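You will see subunit A twice below: alongside subunit B first, and alongside subunit C after that.
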Partner chain A sequence: MTDFGFKLSKSSTIDLSRVELDRFEELCRQEPGAKVCIGCGSCTASCPAGRLSGMSVRKVLLGLQRGQKVNDMLQCCMLCGKCTMVCPRGINTRNLILTICRIYD
Partner chain B sequence: MILEGKQRIWSEYQKDIPDDHWYYVRSCIRQNFFPASERMFTHIVKDVLGKDLYETPHHTTCGGIAYHCDTIPQETAMTIVARQFALMTEAGYENYCPSCITSFGNYAEILETWREYPELEARIREDLWKACRREFKKPRYLAHSSDLIFHWRGEIARLAKKRLMDVRTGQPLRIVEHIGCHYAKMFPSKGVGGAEYPYVLAGMVESWGGQVIDYPERRHCCGYGFRQYHVKANRGYSLSNTYKKFESMEPYHPDAIVTNCPGCPYFLDRWQYVIASQTGKTYGENGHGIPVLTYEELAGLVLGYDPWDLGLQLHQVAVEPLLDKMGVEYDPKAKYLGLNKEDLMRPELPTQIKCY
Partner chain C sequence: MHDNIVIIGGGIAGMEAAKALLALGHTPILIESAPTLGGHVGRWHKLFPDLTSARELVARLRSEIVGANIFLGTQVISMNRLADGYSLKLSNGIVINASALLISTGFKLFEADRKEEYGYGVYDRVITNADLEDWFSGADDARIPQQPQTVGFVHCVGSRDLKACNGQCSKVCCATAIKQAIEIKERFPFARVYCFYMDLRLFGKKYEDFYVNAQRDYAVQFIRGRVSEVSETIDGHLQVKAEDTLSGKPLKMQLDLLVLMAGVVRNTAVQELTSMAGLETDSDGFLRSRDNEYAVVESGQPGIFYAGACTGPKTVPETIAEARSAALSIHAYLKTL
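Coming up: the complex of A and B.
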């Protein structure tokens, strides 16, 4: 392979028709709040672990909706519940995180 | 929708293209990339169709590349353009025809800016006078050179010696048309068919016997995008855009690509070699790439000119498969002979994409 000093970037296109969403549907069944998230990021902004570890509930949920692998970001969660307090959609984020950990373990 | 309504809407996407008396300005880069294209355009317009096309060696760049690379402010580009208009005015012309799509977009943007801000136009007029004691009238009509070929496509079809047909099967050639972004995406009313239904190249292809391919990324950028290519750190992004287009058109098996922009044919042509070198993938038949032609080169082939006189040997992707399909006669040994049989020397050929 010739090195030109630059190369093809992997496409960032997400083909939702090829995404496996069985586990995400199970998540929505167990915690319906997963479907009402509007991705505002209030949970991420208020997260005390986020500043130190990059933990972001918004990113995790977005990744799951796109069928992407969830990294071990959620392991940094201390279950403090601040995100539950600030969520404008009233999602039980603590239960959401625990359910994600259980289903995607 | 009733037919009259459709026709009325479509009429809004048309533009007036005068039949004669054009002032022509060349591109900064096209003569390096595709050296016979502009020569072929002037030959077709002046000698074949007998129209009045005037050009002067005194014209300069329009400043478009520097403007889009953020190295000069728009006012500087405006003053350069004002001087071009002054040259046109001094020559006694009112119809302005740039060869370059970036120039075309630049002129359209500047004329529109002056319409919105007359005080800016007055300042540029003053700057031009202070700089070189010149005055100008704004062009009455602005058309890209592909608009002119589109306008005369019927006459070219009548004079055609070859059609865009596969002589072996009798089927129309499958052509991808790619229109430069600055043609109608910025000012839809300035292009034939607007931004949604640009018809300038499709009209040529259909008139000359070919079949236009519609594919998902048809209106995607070729990948050049100025900053994406000129800044080496971004060059992979440029390449990735081109790759996306080729991946999208691949299932439709195009026989050729025709473009009307200086950058698009260059990148669609050269990046095929880079993609082949990096991934081993080619998009044509039997390890070839898909030949990429300018509309002047395509018109030249249709009118029966020798492909080597059209400069097709300077393309990265081999054009021979297309020539064979069209039934164009050519001498393979004369491929690298230039004007007056001057030896152009044989280039080193790539291994991942088939070339001759």
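Coming up: the complex of A and C.
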């Protein structure tokens, strides 16, 4: 085959019609708070692990709904609960994180 | 009884309703617990989006209702249901039999010190939207520096916040933050001004223009992230932390002044009155209208009507429109008696 000098790179587009959401739906059943995040970032800003490791409850929740891997982030969580205290939607983020770990092991 | 109409609450809703009822040939009785009329708007400096004077609006309304019977510094201390109306006892000893009541008791501004993480009442450089309006009107405020270099506005303080037991959006504070950011830039052209928001709710006439104006002509910076905490540095500056959610990075910065957009919450001072009147509370904590789409100014009780922010956060034009609508509803109701 003729080499035209360029190769196909993986598309960075999120193909939402191909994202698997079964586990996210299971997560919502076990922790309904997963559904009501407004992406305000309070959790991220208050997270003592976030500055170093990139841990962000907001990004985890968004990532799961966009078919991205989030396990690296979750590993850095110390379950300190600061994010639970600041969340304006009253999400039980610690329980959320634990439930994610169980469902997406 | 002679078709007495009693208006409880002398903010702009009660005043406008009094004016409309006078025009319809009634002589309403207006009861206000504070020593002056005007309520929250009477304390505000300028109104969005045209930066008109709030005090002039209140003064004009006051001059237009001189024909009403006005009781200042007066409260309703008890209320009884009669066969065809209500009997009210006032704190000045007067008893009034009324055929119709208008509840225009408004709202309360969220007490910003309840959000401890923002340090209102603790740090020297943290003020509220209402404090800033007082200062714009000429009051002294030692917390506002002579020449602030950096000023931040925090949206949604005590609104959209289940931790503050106040889940609803206060509706007016996004536009207020932009208005105040512009006014700060006009006074301190070299200051950098930042608005920390979760969503910008600029739904009203010309609000979006106002937003563009703040970006283009005043270089106000908008940061999409809710401030999670505020602390004080050794040299007396404020340090705020948020996530800059659009870049996905934690963000911190130092500010010389922080303005908290305290939200609109239900007026708990009138809880006794509303329970005496048998009025119901809606799921958002505000008074429940007979119908939230079609009959916002009617309560579930015969002869009791609503106007303004007692049923939820409202802008000034919405409040004025409701007051007129309530006046017409009362006029029509009295004809049915």
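Here is the rule we go by: the second predicted complex is superposed on the first by the 95 of 105 C-alpha atoms of A that agree within 3 Å, B and C clash if a C-alpha of one lies under 4 Å from a C-alpha of the other, contacts with A are read in each partner's own complex, and residues count from 1 in each chain.
In the analysis below, a contact is a pair of C-beta atoms (placed from the backbone, for glycine too) under 8 Å apart; a residue touches a chain by one contact, two chains touch by 3 or more.
All of these numbers come straight from a predicted model, not from anything done at the bench.
Chemist: Would you sort A:Ser9 into first (subunit B), second (subunit C), both or neither based on which partner it touches?
Modeler: first
Chemist: Return the chain, subunit B or subunit C, that is in touch with more residues of subunit A.
Modeler: For subunit A, the partner with the higher number of touched residues is C.
Chemist: Report the residues of subunit C in contact with subunit A in the complex, numbered from low to high.
Modeler: It comes out as residues 117, 156, 160-163, 198-199, 224-229, 241-245, 248, 250-251.
Chemist: Any idea which subunit A residues touch subunit B in the complex?
Modeler: Residues 1-2, 4-9, 11.
Chemist: What residues on subunit B touch subunit A, complex-wise?
Modeler: Residues 232-233, 235-237, 239-240, 243-244, 274-275, 277-279 of subunit B touch subunit A in their complex.
Chemist: State the interface residues of subunit A toward subunit C in the complex, per the touch definition above.
Modeler: Touch residues, subunit A against subunit C: 38-47, 50-51, 56, 58-59, 85-90.
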